[in-house]
Structures are given as structure tokens and as C-alpha cells.
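In the two assemblies presented below, chain A is common to both, partnered first by chain B and then by chain C.
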Partner chain A sequence: MIINKREIAGLLENLAKEYRVYAPVEKDGNVLLEVIEEGAEAALGAATKKPAKEILFPQSEELFSYQLSDEGLRMEDKIDKTKTVAFGIRPCDAKSMILLDNVFHNDQYEDVYYTTRRKNTIIVSLGCSEPESTCFCTSVGGGPFNTDGSDVLLIDLGEKYLAEAVTDQGKEFLSKLNLPEAGEEEKAEAEGIKKQAQATSEVDITGLKEKLDGMFEHPYWDRLHEKCLGCAACTYLCPTCHCFDIADEAKDKNGCRVRNWDSCMFPLFTLHGSGHNPRPSGKERWRQRLMHKFKYFVERYNATACVGCGRCIKNCPVNLDIRQVLAEIKAQDTGSEVS
Partner chain B sequence: MNNNNPYVPIPMRLVKNFTETEDKLIHTFTLEFVNKEDEEKFKYLPGQFAEVMVYGKGEAPFGIASAPNEPGILKFSVAKVGVVSTALHLLEEGSIVGVRGPLGNWYPLEDLKGKDIVIIGGGFAFTTLRSTIQYLLDPARRGDYGELTVIYGARNPGLLLYKDEIKEWEKRDDINMITTIDRPVEGWEGRTGFVPAVTKEVAPSAENSACIICGPPVMIKFTQPVLEELGFTPEQIIMSLEMRMKCGLGMCGRCNIGSKFVCKDGPVFTLAELKKLPNEY
Partner chain C sequence: MQNITNVIKDTAKKLLEEKKVDLVVGFAKGSLPLRSTPYFARTAEEAERLVWDEYCENNLANYLRNREEKVAVVAKGCDVRSIVALMKENQIDREKLYIIGVPCRGMIDRQKAGELVGGKEILEAEVKGEEVVLRGKGFEEKVKKEELLYDTCARCAYGNPAIYDELVGEEVPAREANFKEIEEFEALGAEERAEFLAKEMSKCIRCYACRNACPMCYCETCFVDSSTPQWISKRAYSVKDNLIFQGVRVFHQLGRCADCGACERACPMGIKLSLLTRKGVKDVKEMFDYEAGLNPNDKPVLNDFNTDDPQPFLMKE
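And then the complex of A and B:
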């Protein structure tokens, strides 16, 4: 299918009649994922400041509200069933949703807030013709045109997009849009673009998990965290980080329970009521962040919890670069491995 | 409301807010199910925990101190430490609280049938141990197990939990109940001495036996070598861990030790299992 770029605004406006449509929008100098309303102009092609996980797992959300009265207690949960389209997100962000699925629907429990949104959301991702200098998706099993997690993949052909259905849901979605079929020439052009595409930077993570297996007590962690400010931008802006806090907000007899993004980079995150803290300093917290992404997540869900989007690199106030850290880890002598 | 939403608590009524210790810092809360169907769904085993919610204040995880053979109620013994526990302590009897659970795994009592059971506890970490004792002493179950030895220590007599029940257990011949306090106190006729030393004196046999141990880190640290000396292998030593928790469902990310979540894969681990995990708890 072909979508002419000139027709994008009209298309999104039409979609917005049936769906809640999220698309990248320029706002106050940032590109953010926003709900498209009449007249809003999508900034397709740009990477969003925040990852697309916020569509399924908002930075702050109300889980349920409650009301205490003489008759007892009334509760109402706030499960969001709105039909949604995420239009023009990056393939790395789409891929992250597959990783998050493991967490929010594990072998025992289902997070109905996440899974309900997930079931009702169509992911239309836009392949990256020009990856940024901080991108390293190809090193972590992704790619600028990777289709993992997408229902539809758009490929930029200059004046137009070629839209490819990835899933049956995507096929059905595209068929409703009455778009012209792509010609052979356009298809060939898209294939050519896909073949050429590669992230701009690389880091070799083969054998990294095995390396980390023997590194819990390694002195490498002693210094790594020294320049880290503990601001947690890396985790908030990470498409695969999923840690959250739960808190109650109440006034008189009315209250609600909210969940907010949280971060393993904060000391309070693991502080016990007794005052004991199993991760008392930046050393343990950095080790946790790295180990979680490249070892624990692999052990638990058989996947690396990094999609190479580069947001943690781009937004770190002290220029800590995870690519460099991974390369350094690989170069450490753990004294136990057989080469 | 979605009935399968694991974040939503069930309502329970606080029927007893009992000051358990002399220092008044630990209260035992007896909660009654408000809805019959909630009680039917709340199937638990000793060692599991639940999130207890005070409306408007939030929720916090506590080990369940009651046992499955005490129908109609749940009990929690809670130290006054933070926002939720303080609010609980101040709650009037008759109030409604929320409970979410049961969460976590349990002591593997099913696998321990036919064995002697040694229970070692210290301080106020005796809650799920009480549940275990209550469960094992059930006349329908007691015959499935061999000798039951309990060693329980506190700093002084006033800090022992469940004093009345302990007195009853001391009179029975199907449980060897040993209580100890750190130093002699006037009026105390029981043993004195720290738990590790008392364990050495009592010297329960490791043969065809398992030991469930819960207590402050320092007690565990010094009791472990005693147990090893007595011949207990790491597979025979069963422990319960505590961590800061929020969801209790293995999602919120803060209670992990390596790739294991204390909330979901624990809180009960054998020492053998713990030895395979990083030392970060």
C-alpha cells in the first residue's frame, strides 16, 4: 500500500474519528508522542523524546478509585479499553513492547491495565532511514526496519510511504484505509532501502551474558558509577525499563491508587522499613541496571532487555555511554571463562 | 470491576487490634472476611504473605500469621515502622481494610511429610512460623510429621509474640516448645541465652529432618554454622526473606535477587537455592 505524505494529516484526522491516535508531535522543542487532535501536525520521522512504552504503560496512571461510606466500600477500576493506533513510532520502540509483554503477563499474573491497552492498540511503525549517531539497534537483535512488535511497517520513499502489513491485525487495519497498492518499482525501492539500513554504531554483545555470570563481585563496578548523578533519566527514557511505584492518594473518604514510573537508580527504590538497603550505593544500582538488562532478563525471559534506541546515551547529563560500558565489561578479566 | 485484576484488594473487617509486645511496637491484627466468596477464593499456605491496605494511606506486605485451619480470619503481626504500619496500629476495631493476596510461595510442608520439623525463630519474625506451627498441630495433619521442635528467642519476655499460645504449646507433648530470652530477667523461669547457643544445646537431629528458620540477620548468621555442625545440609535449611515490595506480582522490579523475585519466586528459599543467588539481600 502507498500513503502519500501530503495525505498523512487527513489520514490521521480520519483515524482519530475511530481511534485514539498517538503520533510524534513537535512540542516546546521536543518531539513527543501525543494524541492527535484536529489540526495537529505529526512530526513523522523524528524520534520521540520519551519511549512509546508510555502508550501501554503511562508514566502515571490511576489503577482504581475508592469511596468509603457508612454502607461500606465502593471501588472502581480504571481499565482503559480505548481503541488506539500508535502511528509512526520507531521499530525499536515497537520491539520493546514484545519484551514488556513478558513482564506484564508473566507465568502467574496478568497486569490487566497493560494487557487491555496492548490488545486494543495497533502499532504502525516507521522504519528509520537515517538512524542517529546514538542508535545501536542492530547490535541487540533489532534493526532500522525490524518488524518485531509492529502491525504495520512504513518505509519512507521520499514523497510517500510504503505501508507493509506485518500481522493479520495490520492487514485488516490497512485494508480499511482504501490505499492504492504499491507498484513493483516502489516495492523494489523499499527493499533496497531496507537492505542498506544499519544502525550507525555497534557494540558486540555476543558472550556478554556469560561474561556477566561471573562478574557480580568484580571490581569493575566499584568505579563505574562514580560520575553518575543518579538522576534516572536513563531508566525513565528506556523503552524496556518497567519499574514502577504504587501509591495511594486520598482526601476525606475518597481515594485512588496510582502507579508511577520508578527507577532502580534511586536509593529509596529498595530501602527497607528497617533502614537496611540491599542496594545502598550507585555501585549496586548500576550493577543492577546492567545485570537486569543483559543477564537477569535473559535468564528469565530469554531476551536482552535493550533495543538499542540510544536514549540513555543521548540524555545522560554526564555522558555515560552504555555502549562503552558494555565494551568495557566484555574486556574485563573475570578469571574464570574458557576462551 | 474486573475480578481477575490482581491489583484490587478485597475488603476485610478489623475485628481485633491487639498489642502483642510490652514495648507496644507490635500489634496483631485479626481480620474477618466481609464477603464469603472472597474467603473461598483466598486459599493460602503457611509462609505466604499479603498486601494489607489502609484506605488513604497505601498498602504494605506482611507475612500471614494465621493458618489455613483457622477459617474466617487472617492474622498479621505488624511492627510500627512506616506510614502504613503506623496507620494500621492506630486503626479502630470495626474498620475496613483492604487485603491483596495470598502472594508468594510457601514453606514446602507437603514435601516434608514423614520428617521431623525444626522451627527456629527470633524476635518478631515469628509470624509465618506461628502459621506453620498452628497448621502442623492440626489433629488431621500432626500424624503426617515426626517430631516438632520449636526454638524461639526474644530479647526479653515482654517481646515474645503469642505468649498465651506458647504457654499452651509448652504443655503439649506433640511439640517440643523451647523459648529463650537473651539475658536473665526476674520472674523468667525459662531458658536464657541467644538462639544459636540454645540450638546447640537442644541439638535437634538432622537425620530425616528439615529446619525452617526466620529471624534477624544476626541470628541467622550465627545459627547457620550451628545447624551445619548438627549435620543440616543447605537443602534442609528453609528460610524466608524480606524485601521492599510494591506489586507482589513480579512486575514492579524492586525485590529481585539476581533473576529471582522475592515476591513471586520467594519469599521462601532453601539455603541451597540462596547460595546460587548473588549476595544482595
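And then the complex of A and C:
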């Protein structure tokens, strides 16, 4: 299918009548995924500051609210069933959703808040014709035109987009839009663009998990965290980080339970009620973050919990670059080769 | 800059080799263009990686509180102001700290550089005297260094370290401090100010990079992290709670803030935090004729009391 760029604004506006439409929007100096009413607002092609996970797993969400009255207790579930389209997110963000699915819907647990949104959301991603220098999606099983997690993939052909259905849901979605079919020439052009686009940055993660297997007590962790401020810029802006904290907010006889993003980089994250903290310093916290992404997640779900979007690299206030960290880990002597 | 780098390296190596210090905190080359990164050198070999350039934007005083070992720090004007303020609060033992002072003419703002090239990605930057050459895919732009400085740097009057054990490089001419942007903000009506603050605070994601980047923010438990009682909502979408967080943080900085801008530089969302901190700096200066971290021997302003102190917030004078 072909979408003419001139018609994008109208198309989004029409979609917004039927769906809640998220698209990249320039807002006060940042590009963010925002709910749009008018198609012209969309800044397609721009990388969003915050990752798209927020659509399915908002930074803060009310899980339920309650009211106490003379008649008793009244509770209300806050499950969000709104039909949603995420339009123009990057393929790395789309891929992150596949990874998050593992966590929020597995054989032990189904997170109904996440899965309900997921079921009701159509992902239309836009391939990256020009990945940034901090992008390393190709090194972690993705790519500028990777379709994992997308229902529809858009390819920028200059004046128009070529829209490819990836899933049945995507096919059905596209068929309703009454778009012209793509010609052979356009298809060939799209294939050419796909082949040409490459994430320029590289990280070698082959054998990384095995390396980390023997590194829990390794002296490498002693100094890695030294310059880290212990903020959550990396984890909050990471498309795959998914830890949260639950807080009850109550006033008089009304209240609600709120789920907020939390970060393993905060001391409070593991602080016990007793005052004991099993991860007392940046050392243990960094080890956890690295191990979770590149070892524990691999063990549990057979996938690396990193999509190579580069947000943690671009936004770290002290330039602690995960690409360098991974390269350093690979270079460590863990003694396992000897034995 | 290369000369300064060489002298810093030599000084650091000597201090480490002679065991005068156990650690040198400075900067190393970063992994991105226009970026240097805090670096911890413990051997002469490691000291070889130290650099000094226009990208040394972090306030290294943040790494110096309650250190057991003897430490040397590569410190620009604002770092030293924070060090002095921390000495007064008993967080830094001057006896165990060796200050390699470096006069500073300001650090380069990556955001500004990005905006100057129309948002295109900068892949390479080269400082040539007073000019910076920015290069990326299909473009090369020459920009005056002065135009690229962080706002806080462009308005900084204290590029020269107030105290040091050794000074590397020539002292820089003092810039005139100005609070133009604060005066403009003060001139707005209450509604406009509230609107502006709400707009800025709506960007906040509560990552606390600002708080953690600040050398003066070292409360063992920050009030925002308290859950019994929970002083403010932990919801990042709550603009008013975000404002309470920043407001309390800034009030807590009065008379302590060295106006370094580290909070604003750390913010991944680009919140204009220096408007809040500098309003505090300006008020303290005007009301009490005090600026934090300039004199190791004076009393912190809020620890001192005169009967004729202005109290406009208590009564109309």
C-alpha cells in the first residue's frame, strides 16, 4: 500500500475519530509520543525522547480506585480498553513490546492492565532510513527495518510511504484505509532502502551471557559505577526496562492504587523495611542492570533485554556508555577459558 | 587546552606516584562528540587518560563527599565553589583534598550545538581557537564558541577557582554576572509564571538526575523518596507534585547553590531548572549580599543572623 505524505495529516485525523492515536509530536523542545487530535501535529520520522513502552505501560497509572461510604466499599478497576494506534514509532520501540510481552504475560502471570492495552493497540512503525550514530539495533537482533512487534511497517520513499502489513491485524487495519496498492517499482525502491540502511554502531554480544555467568563476583563491578549518579535517566528512557513500584494514595474515604515506574538504579529500589539493603551501592545496582538485560532475561525468555535504541547513551548525564561497558565485559578475564 | 591537559596529566601522575593522593578525579575523553566524561584515576597509567577541554561539564564536587582516601580533583570555578560550600557543611575534609584548579571560560552546550545545525546529528566536533567546527552527514558548520556555551556558563562571573593547591592555566578575565533571564521572569505576571512553570514541570520524568547531579543534594533520604509519610505523589504525570519536588529542592539550595547548572545539564528532558536555582542565587545575593562557595572562611548565610536582615517574606518593609 502507498500513503502519500500529503495525505498523512488527513489519514491520522480520520484515524483519531475511531482510535486513540499516538504519534511523535514536537512539544516544548522534546519529541514525545502524544495522543493527537489533528494529523498535522505529527512529527513523523523523529526519534521520541521517551520510549514507546509508555503506551502500554504508562509511567504512572491508577490500577483501581475505591470509595468508602456508609453502604460499604466500592471499588473500580481502571483497565484501559481504548482502541489505540501507535503511528510512526521506531522499529526498536516496536521490538521492545515483544520483549515486554514476556514479562507481563507469561505462564505464571498475566498483567491485565498491560495485556488489555496490548490487545487493543495496533503498532504502525516507521523504518529508520538514517539510523543515528548511537543506534546499535542490528547488534541485538533488530534492525532499522526489523518488523518484530509491528503490525504495519512504513518505509519512507521521499514523497510517500510504502506500508507493509506484518501481521493479520495489520493487514485488516490497512485494508480499511482504502489505500492504493504499491507498484513493482515502489516495492523495489523500498527493498533498496531497507538493504542500504544500517545501524552504524556495533556491539558484540556473542558469548556475553556465558561471560556474565561467571562474573557475579568479578572485580570489574568494583569501579564501573564510580561515575554513575544513580539517577533513572537510563532506565526510564529504556524501552525494555519495566520495573515498577506500587503506591497507595488516599484522602479521607477515597483512594487509589497507583503503579509508577521504578528504577534498579535507585537505592530505594531494594531497601528492605528492616533497613537492610541487599544492593547497597552502585556496584550491585549496575551489576543487576547489566545482568538483568544480558543474562537473566536471556535465561528466562531467551532474548536480550536491549533493543539498541541508544537512548541511555544519549541521555546519560555522565556519558556512561553501555556500548563501552559491554565491550569491557567481553574483554574481562573470567578464568572460565582456563578451566 | 592541550597544554592544560598535559599539565593535569603530569600533576596527577606525580601526586599518585608520590602517594600524596590515592585517587585523582578528573575527566577523560567521552564516547560522543562534544562530550567528556568524569574519570577516576588511581595509577599513573590511568592518569594518562585525563583530559581537559570545553566538554568537561559535570560538577566533580559531587564525587568528593565523605571520601575515606586522599583525593585530588580537577576543578573549575563552579566545582570549587561547591567544594567550598561542602567544606562548610563538613562533607569534605580539606586536609584530604588536593585541588588542581583550572580557570574555566565555559563549557559547550550540546543541545545548543544541535539546534544550530537544525537538529541534524553532529558526528564530529573540533575546537579551533575561538571557533568550533561541527560536522555531520553532509554538513560542516563553523560556530563561535561563545555562542555555544551553556547559559549558566555564559553568565558565570566565577570561572577562576576561589581556592586551589595548584592552578593549571591562566586565570580568565571575569565575566560580569547577570541575571537578565531572572529579571525577565520576575517581570511576568503571576499567571504567566505559573503557566511557564507548569509547562516546564510537565516535562519531568522524576528520574532525579538533577538531584543526583547536584553536589549539594546529599540528604540521606530525599523527601520525595519517603513513603511514611509520603510527602508527595510519586506520579510523574502530576505537574503540581513535580513542582513541589523542584520547589523544595531549590529552597533547600538557598545560600548553598554554586550556580553551576549541573542540574539543568543532567536533565534528559531539557527542563529550564536554572531559572529556579538562579532565582534563589539572585535573591540571596540581593537580600544578604552573599554568594555561596566563594570564601572558605565566612559563615553560610543561613547559619548567620543579623537583626537587620531583610525579611520581606515575613513582613512588609
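For this structure, a couple of remarks:
In the analysis below, the second predicted complex is superposed on the first by the 335 of 339 C-alpha atoms of A that agree within 3 Å, B and C clash if a C-alpha of one lies under 4 Å from a C-alpha of the other, contacts with A are read in each partner's own complex, and residues count from 1 in each chain.
Operating definition for what follows: a contact is a pair of C-beta atoms (placed from the backbone, for glycine too) under 8 Å apart; a residue touches a chain by one contact, two chains touch by 3 or more.
Everything numeric here is computed off the predicted structure, so don't read it as measured data.
The superposed arrangement places chain B and chain C next to each other on chain A without a clash. Once the two complexes are laid over each other on the shared chain, residue contacts for A:A331 go to neither chain B nor chain C.
Applying the stated contact rule after C-alpha superposition, one finds that A:P278 touches chain B and leaves chain C untouched. With the two structures brought together on chain A, the opening angle seen from the C-alpha centre of chain A toward chain B and chain C is 90°, to the nearest 10. Of the two partner chains placed by the overlay, only chain C lies in contact with A:N260; chain B stays clear of it.
Judged by the touch definition given at the top, the superposed model places A:D245 against both chain B and chain C. In the superposition on chain A, contact of A:F104 is made with chain B only, not with chain C. Here chain B and chain C sit at a least CA-CA distance of 5 Å once the structures share a frame through chain A. On chain A, the surface patch touched by chain B in one complex and by chain C in the other comprises residues 245, 247.
Contact residues of chain A toward chain C in the complex are 28-30, 49-50, 58-60, 130, 132-134, 223, 226-227, 229-233, 236-237, 245, 247, 249, 258, 260-261, 263, 266, 268, 313-315, 317-321, 323-324. Residues of chain C touching chain A in their complex: 30-32, 35-40, 58, 62-63, 121, 123, 137, 199-200, 202-203, 205-209, 211-213, 225, 227, 230, 233-238, 265-266, 268-270.
For chain B in complex with chain A, the residues that touch the partner chain are 1-2, 4-8, 11, 34, 53, 55-60, 79, 81-82, 85, 96, 242-244, 246-247, 249-259, 264, 278-281. Residues 63-64, 66, 68, 72-73, 75-77, 79, 103-104, 106, 108-113, 216, 242-248, 250, 255, 257, 262, 264, 269-274, 278-279, 284, 288, 291-292, 295-297, 299-300 of chain A are the ones that touch chain B when the two sit in their complex.
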